[in-house]
Each structure stands twice: as structure tokens, then as C-alpha cells.
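Below are two complexes that have chain A in common, paired first with chain B and then with chain C.
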Partner chain A sequence: MSEETELMRISWGPQHPMSGQFRLILETDGERVTKIIPDLGFTHRGIEKILEFRNFVQGIVPIERLSMLDAANFNLAYVRAVEELADIEVPERAKYIRNILCEISRINSHLYAFGLVAEAAGGYPAVFLWTVADREPLLDLAEMLTGARWSYSFFVPGGVRADIPKGFKEKCLETLRYLENRIAKYKECWLDNKVFKARTVGVAYLSPKDAIRLGAVGPNLRSSGVPLDLRKDEPYEAYGEVDFEMVVLKEGDCYARLLARYLEIVESIKIIRQAVQNMPEGPIISLPKPMKKKTETLQDLLRLAAVGRFTVPKGEALARVESARGEVDVHMITDGSAKPYRVKIISPTFRNLYVLSRLPEIEHIRVADIPVILYSFDPWYLDADR
Partner chain B sequence: MDLINRIKDKFKDSILEAFELKPKRVVVKVSPSKLKELARFLKDDLNFDYLIGAGGIDFKKENVIQVVYYLFSTTYKTLLMLKVDLPRENPVIDSLVDVWEAADYHERETWEMLGVNFVGHPNLTRLLLPEDWKEGFPLRKDFDLSPYQR
Partner chain C sequence: MLEFILEFVKTYWAQLARVIIVPGIAFVLLFDLIAVWFERKLLAHSMLRIGPLHVGKVAGWLQIIADFIKLLAKEINTPRNANRLLFNSLPILLVVIPTTGVAFIPFGQNWIIYNPGGLSLLLFLAVMSLTVFMPIMIGWASNNKYTIIGSLRAGYVYISAEIPILLSAIGVAIMAGSFDLVKIVEAQSKIWFIIPQVLGFIVFVIALLMESERVPFDIPVAEQELVLGWRTEYTGINFGFVMMSEYSAICSWSLLLVTLYLGGYNGPLIFGDRLISSISWVLIKLAIVVTALILLRSVFPRYRIDQALKISWHYLIPLAILNVIISAGLTFFFPQLKALIG
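After this line comes the complex of A and B, so read on.
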């Protein structure tokens, strides 16, 4: 065998067990990767265009299809943009319920990301099975609250669809206790595992400066030492009233990106526990000021929307929400009718994949590292393609 | 606000619009010829170092395509929407990739979806649409949707 290597272009995906509905074009020199080119668009459905043809209540369904794992946060971004335009004051109780579902959604998404990295690092299918199994009690919790296991469509402009059911609080606290025990186990068996550390520590380092320059977002940005979290910077809903820490790590490698998600689960559990216990009593939905009534119910909103009378004034709004993968921005432009004129969605994966394509220190990356690196960024191609 | 005044002082008549949409959201509209100069000023002097995204809106009635850059300052924790109006028939504008590298994907998307030509972009090729797409710009208001409707 000669020592000489040759340049090669590898197409990784879209039909590959680990790639998802997505393709990476890798330029390689033997084992070395010289260039990473993400190829997007396999799941482009034109959601931004679709939203121009849906009224403000119908719109909550397509927007969730951007990120089924983390549906609640995307739903919230859309709904908040409508509320800002229509000048709706959301009742306090609804804010707390929103917080609970958003954090359930975040834990769900992080657990799944965990499993995928374990799978990608090789030899840890057990961890994937654990995380998927441990999502089950959370999905049950979400089902109890919303009636659906993941595409909740639970937030509507002005509030939420339903109040907390009987027995939810007890079940929620029980689930959180279970989850705490489980994730302690993850740390013991997996995050502290020497082999796993050898595969991830120091791999694909991203400095704070590069993270800002390339536009990394969410836990990927915070694990590079940049403290930006919208839940802290611009506390929306009830985030200002609960006590939690922003997870910021310095290391900036694959391991740190994963550890950041692990620590965020711990914080999310804290948030849910406080929200469930401190929730004020009161209404769960309110209508825009010109349509105000004495008692307001979901049916009032749906009736208005169905006959095209739920209109918002001409204007623009930019809603920012911290989803599991990072910030989601919905820029909504309206013309005074019952449908938005234009909805621009800036999604986290679209930005994180650009970081992947310009990874600094690419000379240290080998072909075998690619799956771990890709999944450490926690991509969700549906929200990148829109 | 201090931020808006500093921009207005420096660029005077080139700023067509500048206001605070709500706290931490600033909108600035600039004439196309001064876009790049303002971008450099925002980045170097006002610390808008973090580009969140870019996109566009087709205002068909006004015959305008509006390109929007969403910028964030990690120092002031403020989001600034930098807007520029371009004629609908021939929307051409200087690319800002050499100011904010992260604008790369966002400009490519805006190019294929709305037909805005970013001069000086290093790789203005298809990103989300198929490589052989020939049917126009899907996010324009006059895009023919009939082949896609059942």
C-alpha cells in the first residue's frame, strides 16, 4: 500500500442512515476533511408562502411543522408576533402555561439531540433508546395538557387553548422527579464515559469570536462562551418571574455543546417546577382591545377567525423566542386584513449549518468525526429548509 | 434615542426612516447607495457585530422590493432592522458578506426567493430550491401558484 492519498468528494446523504433529509458534500484528502458543504432544501415546503394564505389562527399549524420536536417554541414566536401587532394583553395564567409547555418541548428536543449524538459517536445505541424512552413520560404530560403528543398547536393569539387539567400538577412533579433521576444516570454512564470524551473533547472547537462572526445560535453559541439567551435578555412570558441560570460554557467543542444541552435540561426542570407551583389563578385567553368582551373564551376567538373578523392593524412586528436550538425570529408584516402580508422566519438550524460550512480549524477534522460534529450542532433540517 | 441620533448625525439625508418600533427594536431605512457605508459604521462604531439574518419583502403596490438585514449588538443587546428599498424591475444591491460573513446563506436565499441581485457575493447559487429551478421567484407576490394548487 502506498502512503499517497487522493482528493475525493463524498456525498453524505440524503439517503444515509445518519444524515437525515439532508446532504453533506465532503471534500476529503485521505482521512482529512478539507471542506464541508451543506446541501439544503430537500424538505423545503415554502412555509413562509403558505402562511400568507392562512389567517392568524390557521397559521399556528404550518409554523409548527418547521420543528415538530420543538413545536411549542415555534408556535409561540408566531403567536407573539400576532399579539404584538393586535395589541393583546395575555393573561398571567396563560403565560405560565406557555412556559410549562415550552420547557417540556425544549427538554424533549434536547433529549432527542442527546440520543442522536450518542448514535453518531458510535457504540452507544443504548443511550439513544434511553433518551427516546425517557421522552415518553414528557409526551404523556404534554398529551394531558394539550391533547397531542407533539404537534400541540396549543398557543393561540391571546392565550392558550385549555386550562391545566385536574391532577396535572401532581403528575408533572412526579415526572420531573423521574427525569432528574434518569439524567443523573446519563451523566454517570455516558457523559463521564472516557471513550465518549475521547471522541468529543477538543473536537471542532469554536471560539467566541468565530461563533459571533459566523452567526452560531442557541446552545452552540452559549457553549462557546457567549452569554446570549433571550429568556434572560428579553424575558418574555413568565420567564422574568422564575429563577433559573443561563448555561454558558467556555470550551466550545463537541463535548461542551452536548454538556450545555444537558445542563439546560436541568434548568428547564427548575423552570417547570416553579411555574407549576406558582401559577396564578385567572383567565387563560383574551381578545384584542376592539373586540373585548366581558368573558372571553377560545370559541370567541375561533368564531371571529372563522368569519374573517379577526384582523390586525397594518404594521410590522418582530418576535424573538429562544427555542431549543436557539433563537427563532418571526418578522410579520400586515396590511390590515385577516391574513399576514408576509412572514419572514429566521430559524436556528439555517444559521448553525452555515457555521458548520465554515468551521475553523478544519485541518484537525477527520471523516469519522463528521457525524459527531454535525449532531453536536443539533440540526433539524425542516426548520432550516422551511 | 442615542443610537438613532448617532446614525442620523453621520448619514443625514441618506437615512430615509429611523425609529424605535418598541424597546430593543430599531428600524433604519437607508438609501441604497449608502448601505455599505452605513453597514460598516454599524459594525465598527456601534458594535452591531452579530448578524441574525436577512430577508426581503415584496411590496407590489409600491413597486418596491425591500431587503431587510436583522442585526444585533452584543454590547447594547438591541436588534436593528436595516432596510433598503429597491426597484422591483431590477433589484440590485451591494452584498454585505464582506462586512458580516454570516450574511452568506441569507443573501443566497433572498436572491433565489425574491430575485435580489447581491453584487459581490462570493457564491450566489441555489440553496433551498432545486438546482434546475427556472420558474421565477416564489416569494414575489405575482408568482404563479396555479401549478401547485389542487
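After this line comes the complex of A and C, so read on.
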């Protein structure tokens, strides 16, 4: 590249078939990309501010709008922050139900991410719509459990909204069997596809050192060989009691990032199966200590919240949850009233897009790699914008 | 006047039928429509979708015509600072050039629109190679960053596709001993050239995918990267012309594939009459080739431009040259082979 070369600036999005509500500003020299600048903010809604005007039960609705595909995990982060502040003991059964929904949500998100990488590599392949179609039985399962196909608002401070319905266990196991058969086909037709490997293996390599330095999270970090998964490191809910592997790969390229998601689907299936089979009996919700009753129901909580008597003491809490895209942190400060004083959300996509803007070895990247690299990081712009 | 027309039709009915019906205008237009419909339907089924369904009672067959009418009714938008003349006239040329290629393809022993005295293969390749200028000019004329990148990619890909096509076609010509497509087809009356020319066939198919911008070599249009590559700025019927040109090119190139390697119009006399059987054999073989091309789309992602060029210059061209040498050696040292294959 000589010094006289004029660089071309391309505004890749937001009106682009593959960009989503997001823009990348690319500086290109022919096919070479010399700079990637992610431009966020197209979907900023001020969720953090909105949360300051909602009480602790109402707050679970807006927080899910950060990541509709992975709603359960974001919901859980908020609820866990409230529980820590209010000092609520969550019943064992509720923990298992939470695990099931979180993992359904994670599989959902990973399937979509898998399809999007396939689509980004080009040609509108069949796999893209297979993944979309195979989310359907999972959505049915979530509907059976929560009454909604997505945006469940199912976790409330202290437990979950409803117990598992009759026949759920059988249907769940059947769906998992179906899913296992299907993802075996994905491997056959996509992960072993020579052309796809040519497009992704070795592209946008992220060394373990770089991944830590730039702050990658979730499967992107683990595919670079850094074993960091909150479900293993700081087991929350029932994750300490189920048996699963942390997916850690060494390669650190686009292919590894997709493969990590694929393998995590397999692990999530394992978790759901164990959680459904080993679920203990017992209550599904409990109230904070000062409001304790003999039998506690969802109605008690909702009644307390509706009249503004569901308050938590003054304090500060940080809840960390491993969502599909990586760690999501909810930092909550309360002043003793029925509403949080301040909620700060640290979301995974924002961190992963920072990695994208500082990618090492950018001299090897071509214009054609841009969508593959972007979607291999599995961005969800809504949670980055907040 | 009427008498004159009747007389004209009576004298030149065969030529008229060739130009207007098969393999002429009606055939190519119908092919474009049916291929688009078939592609949408077949891909939809491979993706667990249904595809066009409602317009036209049976399998949404009217959908494509409805889309075409919609494109006709839409506004033609010329971008600011674009070269108006080139931008608006090139789509028409883009349709005409690939369609012209059909004129040299024999659909029967005497059923060919124009037979230029034994050079029809060369003339076909010469006409079709004019297509390479169109994307480059369009990309420049439409004054857009995406079209510029797309058109430069198109230039690279087309040129590195046409050399292997030409070289593998030469292999066939050597074995048949002629550049005349009719003679090439006649030479395959016993064994199709796909068997003695298998190397050339593989090279030809891969280069054909590149040349007609099909997956996995749809690099110049690359929707995920470049919106629609060099076609980005087209709207309305101009876009319709661009789409038509794509399918016309597929038609012409697939017909050449059928003629060179799959025995052209050769086949048992299924309909008794020699001419109708010949035409239907070409159409059946064409349908099989096009189905295979469409199905590739549901399986493969897209190569990067540097990978595609590497495939062409590192593998296809040396293989095609090897194929020419093998064909020449076989024909020169084993003249009895010629008697064997026809």
C-alpha cells in the first residue's frame, strides 16, 4: 500500500441487507480493509433510565427488551441483583426451572447466531432457514412453560411465575431428541463444508492474550482458549448441581467462534435434560425476610409490588450472569424505596464490538470477510445500545 | 400485403420458427421465467419453506409474471451524478448479448439459427465474452462505492473464468476435429465427451459457475457484502433486465455445456419424429444441468475473490492446459480412438 493510495470510506449499514440496525464505517483500499469503526446508537432507548421509574417487578419487562432472543438470561441478571439486595432465598425448584428456561433461551440465541454466520458467508444457504425453523419446537416449549414464545418475563424476584405444567417433561425430552438429530445435520452440511471452512478458518484470529486485553466475552473469549464461564466459575442457580463441560477451543478464528456456539448447544441440551429429570419438589417462589408468610404465592408478590410495599433496603449489588453472548452484569444501587436508584447494565455485545474495532492482524482482512467476522462475534445491537 | 406475408411465412417457416419459437426469443424468455420460478420453488423446499404459492392456483406459477409486471410499473431511478446514457442503455445490451449466444447452439441436425460455416463454437465464445465489459461499465456509470467494488470484482472473475472455458472447449474441439458445434454433437453419437473429456468437463463446470455468477462464485454481486454489487443502483425494469440477463447467461452457458459434453441433441427417438426428439433431448439435458446449478445454491457459501482467482489460475487453467495436451496426444497417437467414439 503506497502512501498516495486514497482510501475509500464505506458506510456499511444501516441500510444494508446484512447490517441490521447498525453501521460499520470501513476504510478500504480496494478489497483490503484498513480500519473498522463500529457505529452504534441507532436503537438507543434509554433502558437504564426507564428502569429507574419502574418498581422491581415492573423492571423485568424493559430489561428483556435488551435482548429479545436471549430474554431469560437478561431477566435473570436483573432479578438476581434484586434478590441479593433484598436478601431473598430462592427455592430449589425455582432454580431448576430458571436453569431450563435460561438454557432454552441460550440454544435459541445460538441457533440464530449459527444461521446468521451461515448467511453472512454468502449465498442464502438452506442452513440459515433450517436454524430458524428448528427454533420453533423450542419456542413451543417455552410457550408451554411460560405462556409466551419469547419475551417471557417469567422470572420474578424470589422465584418464577409458574410451576412446570403437566406433560412438560415428556415434551421437553422429545424436543431435545429432535434437536440433537437436527444439529447433527448442521455439522454434516455446514461445519464440514469445504467452502465454508475456506471462508472462516484462520480469519480474524484472536489470540488468548488479545482476547483478554480487548475484553472479549462469552463464546468469543472461550473459543480463543480462555476458560471463563460464569456457569462454571461462580455457579449460580442450579448450575453447580448439573454436569456439563465448559466449551473451550484453541483456534480463536471465525470458525472456532461458530464451533464454540455449536458445541454449547450440545452442552445446553445436556443441562436441560438433567434439570428436567432431577428437579426437586417444593415451592417456586419466596418473599423477602421481612414480608415472610407461611405459604407464598406469586399473587402475594404482585400485590406487594402494586401498592409499593415491595421495597429493598438501601445498598448496592452486582449480579453476573452468563448469557448466550457472554457475561451480562447488572449493577444496581437502591435507596430503600420501591424503585432502584440507578441500574447500570454492562452488556456483552458492546464489549465484543470493541474487539471488532481493534481487531489485531487487520491487514489480512478483506471486504468479503466483514460480514463473516461481524456475525461470528454474534452481535445483538439492542443490548449494546441499551 | 396479406398474401405477401403468407408467402413469406410459407417460404421461410423454418427460419421463423427457429428465431421466434425454439431456440429463439420465446424459448429464452420462457426459460428466464420458468428458471426463476423453479429456483425459488426448489430453494424454498430445500429450506423447509413453501415458496411462491398464492398467485396462480398451482404452485404460484403466476408469481414471476406478477413480479415482472410490478417491475415494469416501478419508477426508473437514475442516481445523481451517474452517467445517464450508459446507466440506462447498458441493461438492454446486457440482455441481448447472452441471448445471442443461443443462436449458435444446435437443437437438431439442421435446427440452428445461424451456422457460420464451421466456426460456431468460436463465435459463441467471442459473443459471450463481450459480457465482461458490461459490469465494469455499469459499475463506473452508476457512481456508487458498492458498484465500483462489485464491477472490479466482476472484471477479475469473468476474465479468470473465460480462459479455462476457452481452453476446455478447445479440448473438445480437438477431439471432435472441428469448431462446428453440429459436428461436435455428431461426434458424440456413440460416447458423450463427458467420458473422454472428464477433466475438461470438471474445469468447464466450475468456470461456468464463475462466468454466470452462480454460488459459490457469486462474488461480484455478493449481497451480504456489497448490497447487490454492480447491480446495486438499478430499479424498476432496469433491474428486471439485469436479472433476465443473469438467467439468459445461465441458459446460453448451460446449453453450451450440454452441446459440448452431454451429447447435445443426441438421444433415442422418444417422440418418433427426429426433430422434436432432438429438441426435447436438449431441453431435458438443459433442465438437469440447471437443476444441479440451482441446488448448489442451497449448499454452498461464497468463495472470497482471492480464493476464486486462486482456484482459477492455480488449478483450472493448468488442468485445462493439461486436458488440451492429453486430448491432442490421444487424437494424434491413437487415430483409431476417433473411430471408436464416433
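Going forward, the second predicted complex is superposed on the first by the 379 of 386 C-alpha atoms of A that agree within 3 Å, B and C clash if a C-alpha of one lies under 4 Å from a C-alpha of the other, contacts with A are read in each partner's own complex, and residues count from 1 in each chain.
The definition used in the following text is that contacts are C-beta pairs under 8 Å (C-beta built on N, C-alpha and C of every residue); 3 or more make two chains touch, one makes a residue touch a chain.
For clarity, every value in this text was computed on a predicted model and none was experimentally measured.
K.L.:
Clash or fit: how do chain B and chain C relate after the overlay on chain A?
P.N.:
The answer is fit.
K.L.:
Once chain A of both complexes is superposed, is A:199 in touch with chain B (first), chain C (second), both, or neither?
P.N.:
second
K.L.:
Is A:124 touching anything from chain B or chain C once the two structures are fitted on A? First, second, both or neither.
P.N.:
Second partner only.
K.L.:
Given Cα centres, how many degrees, to the nearest 10, is the angle at chain A formed with chain B and chain C?
P.N.:
Once the structures are overlaid on A, chain A sees chain B and chain C at 120 degrees.
K.L.:
Is A:333 touching the first partner chain B, the second partner chain C, both, or neither of them?
P.N.:
In the superposed model, A:333 contacts chain B only, not chain C.
K.L.:
Have a look at where A:31 lands relative to chain B and chain C in the superposition and call it first, second, both or neither.
P.N.:
Only chain C is touched by A:31; chain B is not.
K.L.:
In the superposed arrangement, which partner chain does A:41 touch: chain B (first), chain C (second), both, or neither?
P.N.:
Touch status of A:41: first partner only.
K.L.:
A:154 in the overlay: touching chain B, chain C, both, or neither? Say first, second, both or neither.
P.N.:
neither
K.L.:
Check the residue A:377 against both partner chains and state whether it touches chain B (first), chain C (second), both, or neither.
P.N.:
Neither chain B nor chain C is touched by A:377.
K.L.:
After superposing the two complexes on chain A, what is the shortest C-alpha distance between chain B and chain C, in Å?
P.N.:
24
K.L.:
Going by the contact rule set out above, which residues of chain A touch chain C in the complex?
P.N.:
Touching chain C: residues 8, 10, 16-18, 28, 30-31, 118-126, 128-130, 133, 189, 193, 195-196, 198-199, 366-371 of chain A.
K.L.:
Quick check on the complex: what are the chain B residues that touch chain A?
P.N.:
Going through chain B, the ones touching chain A are 21-22, 24-25, 49-53, 55, 57-58, 68, 70, 74, 77, 79, 81, 100-102, 104-106, 109, 126-130, 138-139, 143, 145.
K.L.:
Which residues of chain A touch chain B in their complex?
P.N.:
Checking each residue of chain A against chain B gives 40-41, 44, 46, 48-49, 84, 212-215, 226, 228, 233-234, 316-318, 320, 327, 329, 331, 333, 341-342, 344, 346, 350-351, 353-354, 358, 385-386.
K.L.:
Along chain C, where are the residues that touch chain A in the complex?
P.N.:
Interface residues on chain C, with respect to chain A: 43, 46-49, 145-146, 149, 152-153, 215-216, 218-219, 222-227, 297-307.
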